[in-house]
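Same chain, two partners: chain A is paired with chain B first, then with chain C.
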Partner chain A sequence: MFDVIVKNGVVVDGSGSPGYRGDVAIKDGKIAAVGQVSGEARTIVDAGGRVIAPGFIDPHTHFDVQLLWDGAARPALEHGITCVVPGNCSLSLAPLKIADRQRLIGMFQQIEEMPPEAFTTAFEWTWEDFAGYREALEKDLSINVAPLVGHSVIRLWVMGPAAQERAATDAEIRAMQDLLRECLEAGAVGLSTSFVDVDENGRPVPSRFAQFEELDALCAVLGEFGRMLQCVPEFYATDITLARIDQLAELSLKHDIPTTFSPLFDTLAAPENAERAIARVEEQFARGARVWPQMQTRPIDISFSLLRPSLFFARLPRWVRILRQPLVDRLAALRHPETVAKMVADLGPDGGEAMMGRLVARGGDACPADLVGQSLSQIAKARGQAPALALIELSLENGLDVSFLSASAGHQSTDRIGPMLAHPLVHIGASDGGAHLSSFSTYGDTGYLFSEFVRKAGAMTMEQAVAKITSETADIWGLKDRGRLQPGLAADIVVFDPDSIDRGEERPAFDMPGDGMRYVRDATGIDTVLVNGQIAYAKGEYTSARAGVVCI
Partner chain B sequence: MPEAVPEAVIVGAEIVAGHDGAAELLVRLRHANGVESPVVLDEETGLKLMAACGASHVDDLAGQSWRRILEAS
Partner chain C sequence: MSLSRQRRFVTPGPDETVEELARRAMPDQPLEGAVDAIKSWNLHVFVMRRPPGLMLGSDVIFVEPPLAHA
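Take a look at the complex of A and B:
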């Protein structure tokens, strides 16, 4: 007697091989049989001809905090993701001394844009060490978690405030090595570091004060466990990225570890950027190094409000001049009819329709709810104004705290990105799930992979796409019993419709602690998600299953 | 008199989308040996560079010394 049989589907086993009609049987949380399965089961899931695939793995997230009150990392799980990797970009919630909590909260809020209540009321902060964090995490998981430990918090533990001031001494480096070893023994799947991130005051995060000797010493410890080094390189600065790739390759070869850098973006402003990075990665793999570039599927957006000057207006000198003034002077200028008339005239005879009409009102703290999601063109027409004037007046009416989004402003060329995503050395990831909450949605990248790059562009087959985000990810990260539909492996499974799997429209949701807002995308085409053999999501609803584990 | 060493100059600039939703300034430099390479500046630094160069438009940055970037940083 099996526990579950998922039957009557097209088995796409994660290997990249063509799918075939078949079933998957589950016993004790593991896959027991794949193919034409006979026998009985306590639960039958009728796939109805849809695809049965391994659960998707998201290797770049910031769900560290959310997982403490939402063990499903919603909406990640409903998109078919059964394992997330939090702790990226040098930041994790452990190890961390009580005295350093506020400092870390500032760094997390800078990246995640999470409301303060998320740290004060949403969970009980009981731990200091990594084992304690793991224990807190495992209480209520319905998704699997493969956590990284952050270089910045390791530095903070050992050096205190000096972690953001100077290089470490030899003794401090040895203490960091011991601490990292302890975290890896407690279940961390690797170390994350960052060369670009800043805290809430614009100061570099602690990992950026490390000299190469420190990173080398920490990688020696990773080598004892064969674990991953993740880093955030300098975006678009191609030559520096190439130097980082070479640096990661040296660490990979010296310590026999996998390394990954994320994200790698394509931009039409520097079309050689991603191409040269991938070419250098090819060279380093040919030497035997493992340096995996992570590339996200979704385009990136620009969002801004008139609260701060934005480079979005860089082609409008008068706007830049006015928006760079102190707030009082800026407000006075924006309320001055003649000045505003000149600003609108700067946009030309269409009043800004071409440059601004497609902007979307995003909220901020003060945008009227009925306008959220509308284009500036729509808003302007309803107000009987030119788009540029509507932008100014709507902002003024709401204390300037209205955000606007310019969608698909980068990493947007499907024709260019499709072949890169299909490249055998490009690791699909970098979703940033759980981060940038109030700026844009970081969910649904897997659905977009299928809708945009499989169905629309034909950049890869459905089976190749599944392999990219299942077995290949598991292999890169050393997640030994995940990523394939194979007897004996964990029964992480997603049943989806290959003709409709997609990401939904971006929408605001007020489901953060303290009624905090974030942008989300619902899933389309996902029928059922099983985590370690238990149905965690089915027919549009989350279940009460709590079978998620910290998987290493 | 020692001969002046040729220095990198800005040959162009573009607004690009940063990973966190901010607009960033991608400045393209041409080095003394003729090689071009991009450098990306965050929003504040990009705006400071434009102000320092008296640029009313990103295209006005062309021809400026790379040292203006240091001044803006």
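Take a look at the complex of A and C:
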């Protein structure tokens, strides 16, 4: 007697091989049989001719905190994701001393655009060490989690405030090694670091103060376990990205570890960037190094209103400072003529036409209906104002609740992105799931992979796309029990319709702690999702199953 | 497969100044010119960063101009 049989489907087993008619049987959370399965089961899932595939794995997320009140990482799970990797970009919720919590919250707020209330109101923060975080996570998981530990928090633990001031001493590096080893033994899938991020005060994050020798010493510990180093490089600058690839390759070869960087960034403004990076990755792989570039599937569309800070203004420090103030102070600043004049002047002599003119009023908020869909350039011209001034005044006239969309800031060419995603050395990831809440939806990239790059562009077959986000991801990360429909492996399974799997329209949702808003995308074409053999999502509803684990 | 040549870079030592880095990385060059050159090749550190010129241990500092590439 099996526990579950998913029957009457097209088995796409994650290997990239063509699908075939068949069933998948499950016993004790594991796959027990694949093919033409006979026998009985307590539960039958009729796939109805749809695809039966391994659950998708998302290797670049920031669900660290959301998982503590939402063990399904909604809406990731309903998109077919059965395993997420949080703790990217040098930031994780452990190990962290109580005294450093506020400092870390500030970093998450600045870098990942998450409201501080998400860290202070939605769960009880009971741990300091990584094992304690794991225990808190595992209480209520519907999805699997392979957490990274952040270099910045390891530095903070050992060095305190000096982590953001100076290089580490030899003794401090040894202490960091010991701490990293403890985290890996407690279930961390690897270490993340950042070469680009700053905290809420504009100060570089702790990992950026590390000498290469410190990173090398930490990678020696990763080598004891064969685990991953993830980093975020200066992806907007080609030569620096190439230098980072070489550094990662050196660490990979020396310590026999996999490394990954995210994102691999493509923009028509610098079309050679991604191509040169891939060429360098090919050279390094030929030497035996493992340097996996992560590329996201979706175009980069950024939405914002003046209700919240946004990465759209990242290059305008005055705007960032003003928009980060409490609402009362922010309104006062935006109503102050001299301040506004300085803000407009920050945009240069064109008043913001180049940077802001192509913004489009999104609608669905307090924006006057007749302006929805118009560009800010059109709106400004009609008002006889500079675009930056029109943005501020239109926002003030409507309680700041006017959202603008900056569309296609990168990754906008399907013809360019498709072949790169299909490249055997390009790792599909970089979703940023759970972060950048009010800037864009970080959910639905897998649906978009099938709708845009399989069905529309034909850049890869459906089976290749499944392999990219299942077995290949599991192999890259060393997740030995996942990523394939194979007897003995964990029964993480998604049943989907290959003709309709997609992401829905981006829409605001008001389900977060604090000021509560984030952009999400609903799933289309996903029928059933099983995590470790239990049905976690079916027919549009989440179930009460809590079979997720911390996995490595 | 041999590696193609890439733009040469170094990483700063602990508390190293740009002058010390220039002396280390470009010992055959007059110091003032080497410092000016390094600053001009590394705008990400010496212009775009706040505060400008704050060198971090993890930085990539180029010690030659961009290479021509195909």
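To be clear about the criterion, the second predicted complex is superposed on the first by the 452 of 552 C-alpha atoms of A that agree within 3 Å, B and C clash if a C-alpha of one lies under 4 Å from a C-alpha of the other, contacts with A are read in each partner's own complex, and residues count from 1 in each chain.
The definition used in the following text is that contacts are C-beta pairs under 8 Å (C-beta built on N, C-alpha and C of every residue); 3 or more make two chains touch, one makes a residue touch a chain.
These numbers were taken from a predicted model, which means no experiment stands behind them.
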First, second, both or neither for A:Ala314, with chain B first and chain C second: first
Which partner reaches more residues of chain A (counting touched residues only), chain B or chain C: B
Contacts of A:Ala237 with chain B and chain C, given as first, second, both or neither: both
First (chain B), second (chain C), both or neither touched by A:Phe209: second
Which superposed partner A:His60 touches (first chain B, second chain C, both, neither): neither
Chain B versus chain C as contact partner of A:Arg287, first or second or both or neither: second
Contacts of A:Asp246 with chain B and chain C, given as first, second, both or neither: second
Chain B versus chain C as contact partner of A:Arg166, first or second or both or neither: second
Doubly contacted chain A residues - partners chain C and chain B: 234, 237, 239, 317
Sites on chain C touched by chain A in the complex: 1, 3-4, 6-7, 9, 11, 13-15, 44, 50, 54, 56-60, 62, 66, 69
Residue ranges of chain B touching chain A (in the complex, touch as defined): 14-26, 28, 37-40, 43, 46-47, 50-51, 56-58
Touch list for chain A against partner chain B, complex: 111, 234-239, 263, 265, 267, 269-270, 273, 300-304, 308-312, 314-315, 317, 320, 324, 405-406, 409-411, 432, 436, 439-440
Chain C-touching residues of chain A, taken from the complex the two chains share: 166-167, 195, 202, 204, 207-212, 214-215, 234, 237, 239-240, 242-244, 246, 272, 276, 280, 283-284, 286-287, 317
